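So, here come the structures, one by one.
One chain, chain A, appears in both complexes that follow, with chain B as partner in the first and chain C in the second.
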Partner chain A sequence: MTCALKLPMQLFKLNISVLGNQSLLSCRLPTMKSMDMQSLHCCAALNEAVTARYRATRNRTLPLTYEMAKGPFRIGTEKSWNSWNTSNLLDGKRRSESAVDDIFIRRFITGTWHDLFVSEVIIKRQFNMIRIAGLVQRKVQPRKMYFLIGYTEELLSYWLKCPVKLELQTVATKEDAIYKYI
Partner chain B sequence: MTRTLSLSFVQALDSTISRDKTGPHYRYHDDPYLIPITPMDRRVYALARESGRKAAAWIRDQHPHLFLSNTSDAPAVEKFLPIEEYSEESEVSEEILQKLIASCKVVDAATVYRLCSSKGIELSATTKQSLLELMCYYNEEEAVAEDWVEERSFAQVARPGRDMINTWKSGGLADELFLSLDEPSTAAYCALIRGLSKHNNSEEAWSRYQEAQTAGLPLDTATFNSLLLTIPLRHDGYEERVNILMGLLKTMASKGLRPNQQTLDNSLQVLSMTAGYRKTKELSLQLLQEMRLLGIKPSLTSYFFLVSIHYRQRQYLPVLTCTVSLLSPPTSSSSAYTTVSVSTFPRADLYCKPSLTSYFFLVSIHYRQRDDNGSSLIYSVLEELEKIEGDLPLLDPRDTMFFLQAIDVCCNKLQSLAAAQRLHALLERGKNQRLLGNNSKEVIY
Partner chain C sequence: MFGNKLVANLSHKGLLSIPNVTLLRLSYVGFCSKAPTEDHNDSFSGEDFPPLQLWAHEKKAFSRRKQKMAQELPPRSATMKPDQDWTNVWPTSHSFKPATVPLPIRMGMPPSNRPTPDKWANAELMKIPNFLHLTPPAVERHCAAIQKYCSPWPEGVSYASALTEDTQNPDPNPKKKSKTKLPGFSPDPDVVFTDPGYFPMSVTKTSYLYSGPSIRDERARVAVVKVRLEDLQLDAHSYDKLLRLVGDRYDRASHTITLTGDRCPLYSQNLDYCMYLLTVMLAEAQTKEAWEHEKPRQDHESFEYSGSSSEAAVAALRERQALAGVAPVTEQQEQRYKEALNGLLNGGETDASVTEYGESVLNLLGISERVHDAVSHHNHSIDNDLNLPDISVKTYFERINVKWQNCGWYPKIPR
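On to the complex of A and B.
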């Protein structure tokens, strides 16, 4: 049950009863919460989009990377996707499996590389190969990084049953990937 | 829809690209922070990556039940598929055994064989023979997996024939298989003798050889070649060893077996390991000349062993003027050795391509003295190698030792910059870089 009513400056609530005994529409001014009722709220303020936007801090200390700073409506123009595959084209295969695998890969990378990735994990699929890219900060020694590279590539290959290649770029500090502070 | 390019096209493209000397090796990640600077770094980074891979492989081996699901729609990559374990309950058949033998899975093949015999499944003679060959070659151990390239690449330089320890598993599966055969065929004897020689069990190798001789079974050239390598293991004196070597070669000739590149290389290896004997150098040259008459040109391995024989101590020896004529084709100027050498082999029209192994042995035998007059062996060797068009062929694992030995001679024994530069120019030419083999050899060079 969706309500498209937009009456500015007025709170308008629709209380829909789960039990179905009460009337479908009833206007009330003050709210009276009952446990057995679901509420749908609409208003101008509430209708504003909130996804992927960060609340500014009073003293402008919240660091945002470029990806975080640009909102989702800029995807395709100033921002690009994090997962690249052909599963969403016509006759593309494995849509859901690719998506779930990407979730797994991102969790795995974030968990294995402790606080080392400063950018999003970019996943590209070409033929049967998966290429994982990202920015990594130089917190650990190179030989430890090589250990992680070998480990990640091998384990993900065994898990996903296809060759996985890591294509990382290191940055000196986390600040190098910060776009702005809000 | 992809079209695969034809091989010649790809090769043509490849010939336009030369080796990039400015960049790091492909095994390193392409990032300034991760590119190694010192040789220590190169080693550590490559091995660290490999150890990460090994850690992942270990996890997968410990918890195979976690890695079973396969949602990939691409053709299966065999390496990533769940590992098959063979136990009491699993179904075994001759086909499975044959498949395992073909993919060289030694331990699994042994397990499956035992399961087959316990379940009473009949195996054909060819399967048994191939299983015997597998066991003899690997001595029942799984080879260090081909995956661990870095480990193999950075392993310490091992000179051929240095560690002559008997590692043969006596009473193991190979022996068991051999004994289970009612009438061991020639092939079975060959396989067993070669396996025994490879794993340095000289007593049993020779006893089996005697058995085969008394039974009148014709053994092949490769078997004789491997027997040659067991000669240094015997505890006889140097002279005895040389006599045995000659005896074995004569037996080969009497059986009508033609020697090949391996024969020359192995004989020179034996000689290089009996270098205390006075006559080794002359013998090595004689051998070389004989083989030349038969059309077997010395290879890099031969040169390696020759160099190591002749450059043992700093002794003054008269200039070997014969060496120059030795290396030239047999139809040219007479060499004292052509007449002196004992013809153990009948002349046969054979043509084998030159092998670096022979050059290796030759150089190692001849470089004992400090020779400044330019007619020394190393220059002749260099001349011969430079004459070869195209890339130097890599025919034997011991070929990779040649450049190491040669540069050692040039730098330490001869102390000649000109020779060293010539050698290096030879190495830089075309694809000869790969002849340095191991990474550690590259470092030493």
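On to the complex of A and C.
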């Protein structure tokens, strides 16, 4: 019994030393008094506290978009998915193919539209069609942007064997898409 | 040499024109091989006096050329008229465009003490599917356009009126309206064969739609055929034989046979196989083999009183009653017993059937009152037990405050 209780306490101490976060220590301690083996969730707590979070700067100068400001556990409540398809539904088909295609599309867009996308690349699949949406800053001439749209649509539809449409919204500068500074 | 450098630097910076005596004097010293004269024919005179380029490729600081951006147009929604045709503005499905939608839409969770993010530069609004292309006028026009491809509903089909009545004559009180239920698989038996809208067989096909380049799905090959057993109009022998052939494909509650074909790669093949299976099974059920008369009583599909051991027992009872000189069992008593037995064995064991069976047996044996009961034996004193009740069974149980529970012969006494 003592041995069983001792082990989680050691784990708990390790958790604190790694984090070095006093607030975590203070808020977790009362639960430890009445804890048993099952109520210990070191990894889950760490996950929620650390994963996909940006470190705040001292003078609050790090700009975050809405997407960056909301953690992954807020998907479905405060923000929605960046990939919309039926593959990830129950009994959906082409799961891996859709995921790999999405990665390819995102990489292609990031490279082709260099430093122009100020939001995440939103990929929506509808029947045979792929719609790519996002926010683009008005940094280049309109004719260049028109060229990029046609170029992207043409090449992606050859590669992915289906019609691809770019549905972009332009913003004047990068700052327009900023949600908050931390 | 010092003078040369100085003048070169200064001339580069454009400072040579400064009327400074010292500078001028130095320049004279540095650049001219001879003392300057007042001769105007000399090419080196006045402002054209060129600086000496000692370093041919001198670095020049270029300022970054600023691109002239095209003038930003005002949003389209600002110039929209209230009576415009929205279906022309938003004809098909498209991601949200804030400049086109003249609505003050907001979406998202704001930081504290800030308003909700508006429609401009809002990626969340672009993610979600919108139905701006499916406004009621757009749907109406779409229906009107495809109406020429539709055929009228077949006349006389029972639920055609139920489907069309509501749209043609809308009910003023929709809350009070009772839902018109479409006839399911078990319609009213009186109208089955007179109703041209009744189809005795249902064939189910499932199509699957995906957001992907392929329209193929292996689950779409499954064909399901349902037939109501009454519609096959079989005699008792074929009915029983068919039930044995289909096995667990028969649903007792709805009296239907369900055949599922999924072993072939195509739907039509599976449907053909189901039809083939149904035909073969019906033909097999309707043939009577030479050995089928050998079926013993135990294999009968239901209990039959005639020829049963119960009938023999009643006959034996009659014989003994005749020997003892007692009035024999009447036809009515036997009929009641027969019906109770049929209800119990064919209809299933319920409170009513078990009670009725008990009553009918007592009636058959000529016992009008029950004199002894297991419950009273266990739970009551001997005095009470000896005090034989001369009342009916029902009032007896009421008197000892017994409530009927789940099973008929084992009443539970409340504490």
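Simple rule for what comes next: the second predicted complex is superposed on the first by the 133 of 182 C-alpha atoms of A that agree within 3 Å, B and C clash if a C-alpha of one lies under 4 Å from a C-alpha of the other, contacts with A are read in each partner's own complex, and residues count from 1 in each chain.
To be clear about the criterion, a residue touches a chain if its C-beta (ideal position, glycine included) is under 8 Å from a C-beta of that chain, and two chains touch if they have at least 3 such contacts.
These numbers were taken from a predicted model, which means no experiment stands behind them.
When the shared chain is aligned, no partner comes close enough to touch A:Ala52: not chain B, not chain C.
Using the contact criterion defined above for the overlaid structures, shared-chain residue A:Ala99 touches neither chain B nor chain C, since it reaches no partner.
Applying the stated contact rule after C-alpha superposition, one finds that A:Arg138 touches each of chain B and chain C.
Applying the stated contact rule after C-alpha superposition, one finds that A:Leu155 touches chain B and leaves chain C untouched. For chain A, the partner with contacts to more residues, out of chain B and chain C, is C.
By the touch criterion defined above, A:Phe147 reaches chain B but does not reach chain C. By the document's definition of touching, of the two partners only chain C reaches A:Asp176; chain B does not.
In the superposed model, A:Phe127 makes contact with both chain B and chain C. Chain A uses residues 93-94, 97, 127-128, 138, 142, 160-162, 169 to touch chain B in one structure and chain C in the other. Contacts from chain A toward chain B in the complex involve residues 93-94, 97, 101, 127-128, 138, 142-155, 157-163, 166, 168-170.
Residues of chain B touching chain A in their complex: 2, 29, 31-34, 36, 41, 44-46, 48-53, 55-57, 59-60, 67, 70-77, 79-81.
The touching residues of chain C, when paired with chain A in their complex, are 67, 69-70, 72, 93-95, 97-98, 108-109, 111, 117, 120-124, 126-129, 209-214, 217. Those residues of chain A whose C-beta lies close enough to touch chain C in the complex are 65-67, 69-70, 78-82, 84-87, 92-94, 97-98, 118-120, 122, 124-128, 131, 133-135, 138, 141-142, 160-162, 167, 169, 171-172, 176-177, 179-180.
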